[in-house]
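Below you'll find a set of structures to go through.
Paired with subunit B in one complex and with subunit C in the other, subunit A is shared by the two complexes that follow.
Moving on, here comes the complex of A and B:
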């Protein structure tokens, strides 16, 4: 019970501080909006080509958003001298990881849900009917991104050149998430049967399970320093 | 004490590894480049395979060594194990780069492209990027224990991710030829199998030799830094 309460408190603390200053979500949102605008200026596309490249554009925007948002996840703790408290608190360290992970997941999902209508608007897409499938893909892909991103945020926050190192470490290892998410999103945009792209969602779920467990186990070693 | 015994063991046996690697690689290169026949389809181009495949296999061996040493470090926190991790990472990067370059040279005449997004190629490219990230991470950390622990964590995460990357790209697209040696049997001509085997074992032992020498060098650097630090504290430098 104590374990789950810690997770809830950490996630609640992050959500509350975000609600008060709206620093993270607003920077993620406006950054992604800029990416979308640049893409919409760069391509003048017919409806067939747009279906082909749209999944890539969506996930490039979400990937950049993740870099902006997740990279800052532990910075707030360092700036407020909270890392020492995390290290000394008599609570399971994995619960701190899961709390931060949950907070990051909720931030990213919020930004993604707000961004979907903008994709519809700027690229004249017809994906309202497939919103639930897209939400499912976004959720499973974002769980994986948040799991790795939260871990690497804790790892890079204490080093020099953290802004450079965070994407350098996160992006290569997130390749399965991007491949799975792009291919599944393409299936949805082409209005394919669910069974034709469900294996991509299964791959994302496998990635999520493995990385949440490995990161949970390994987080304690990071917090020792 | 463990470190001293370990370094003593490395010093004692390293020359035998170096000698065996030299003999095997010389024999492998001779049989591969001179006595073996060209491939029916690929012609003389196949000879690059005698270098490419052992390099690729050894890159994986080196990363597996890095993974095991990283777990060992997190468990025991021995400085010499971190030196072995650092050495294995550098060597893994060297063999991965060698595998990618020789593969690319082979790919141009065979696939008519220097690069294709094939599962094994992509997995190796990502392994290369992960190793570059690993070595960069080490340069950006000053505290020795933090450096060793954080880089061990990255190595473990990267190793766990590699099979998933491989499967994801395999589902995405596949072009590489199937494995020539698998549990279904050997599909390779005997006069090609000899140089392949000699080179594979030879380059594997060469890696072991390089790992032994590099680990000793890094451990001596570590001792030197510790000694300089002590002398500095005592005001003797």
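Moving on, here comes the complex of A and C:
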């Protein structure tokens, strides 16, 4: 039970800190807003064509937002040597990873949920009916992104070139997530039957499971010596 | 009983040997003060015992447990007050304590937290965010955490640094309460005056050689190294 309490404490601490300083979430939001604005003014397409490119725009916004948010995830632990405190704790280090992962997942989902109405507004899309399906895809894809992002944020936080190294590590491994997310989102926006794009969601779930388990296991070695 | 036992500990960073075959023992209920010039390896020795560094060679035991093999169990009985404050800037003093103790699996009551904070003289700042604390107040907060955790082995790295006269007195009170309760305290310091009030044994680490001297010699000697 202590394992789950550690997860809860870490997530509580991250969410409370973020709620108070809003550093991460605001930079994520304004970056994504910029992407949406630039794309919306760049294209003046009919509604059918916009549905074709919309999945790409959505996941470009979400992907780069993830880079900004997740990359800073462990900076809070470096300030005041909190990482050192974690190292000396008699707790499974994987629980710390899962706590950070949970916090990151909630940040990202919050930003994504706030961004959905902006996609509707700026691209004149009718996505309201498909909101639940899009939320499902976002959640499943964001779990994978957060799993990888949390791990690589921990790996790169102590190095000087972390802003460069973080996306270099994250983006190649995130390719299957982006492919799955874009294809599934396209299915939803085209109002396809669920069975026609559900295999992409299944693929995302498989990658989620792999990424969470592998990251959980690797994290122990990152934090312990 | 040996609470801390280091045998022939060596540690190198790149090609620089910081510790060479250093052996040390601290009994339960004893306060051992470690002096030495900057770069002598005092902090490194402390960090080895706190399971933050792995020694290049040699072995160590904490409360009879092997420091390398049983390091998770060792972490259950130790607490380090190091150079970092291990605080989250956007959490209040009280929330920082709740987090630091809670993550170890114990939820102190409001009264216990208040008592510990009052004991170190920062009770009235319980709701203040820790980003506004001075270095001395942060050190006092670390002492409050130690008072709540009550470890069997306490490591103090430059324990008196940043503390004012009253703070030094509180630190000594804390050390005395630990040793009287049977805990061992290993501290690195440069302050001979306050150390004389609490130390049972004194060692001088210089050029990788640990020489034990009496508390009286520590006080009266013109120079320790």
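In this section, the second predicted complex is superposed on the first by the 224 of 225 C-alpha atoms of A that agree within 3 Å, B and C clash if a C-alpha of one lies under 4 Å from a C-alpha of the other, contacts with A are read in each partner's own complex, and residues count from 1 in each chain.
Here is the rule we go by: a contact is a pair of C-beta atoms (placed from the backbone, for glycine too) under 8 Å apart; a residue touches a chain by one contact, two chains touch by 3 or more.
Model, not experiment: these values are computed from the prediction.
Asker: Give one of first, second, both or neither to describe whether A:17 is in contact with subunit B, with subunit C, with both, or with none.
Answerer: A:17 contacts subunit C only, not subunit B.
Asker: First (subunit B), second (subunit C), both or neither: which does A:79 touch?
Answerer: It touches subunit C, and subunit B stays clear.
Asker: Which holds for A:168: it touches subunit B only (first), subunit C only (second), both, or neither?
Answerer: first
Asker: So, does A:6 touch the first partner subunit B, the second partner subunit C, both, or neither?
Answerer: second
Asker: Looking at the overlay, does A:87 come into contact with subunit B only (first), subunit C only (second), both, or neither?
Answerer: Only subunit C; A:87 stays clear of subunit B.
Asker: Hey, what residues of subunit A end up touching subunit B and subunit C alike?
Answerer: 224-225
Asker: Which residues of subunit A touch subunit C in the complex?
Answerer: Contacts found on subunit A: 2, 5-6, 9-10, 12-13, 16-17, 20-21, 76, 79-82, 84-85, 87-91, 224-225.
Asker: Which of the residues in subunit B end up touching subunit A in this complex?
Answerer: Per the touch definition, subunit B meets subunit A at residues 74, 122, 126, 129-130, 132-133, 136-137, 140-141, 143, 145-146, 149-150, 152-154, 156-158, 160-161, 164-165, 167-169, 171-172.
Asker: Could you list, by residue number, the parts of subunit C that touch subunit A in their complex?
Answerer: Going by the criterion above, the answer is residues 50-54, 71-73, 75-76, 78-80, 82-91, 95, 99-100, 102-105, 129.
Asker: Could you list, by residue number, the parts of subunit A that touch subunit B in their complex?
Answerer: Touch residues, subunit A against subunit B: 148, 151, 155, 158-161, 165, 168-169, 172-173, 175-176, 179-180, 183, 199-200, 203, 206-207, 210-211, 214-215, 218, 221-222, 224-225.
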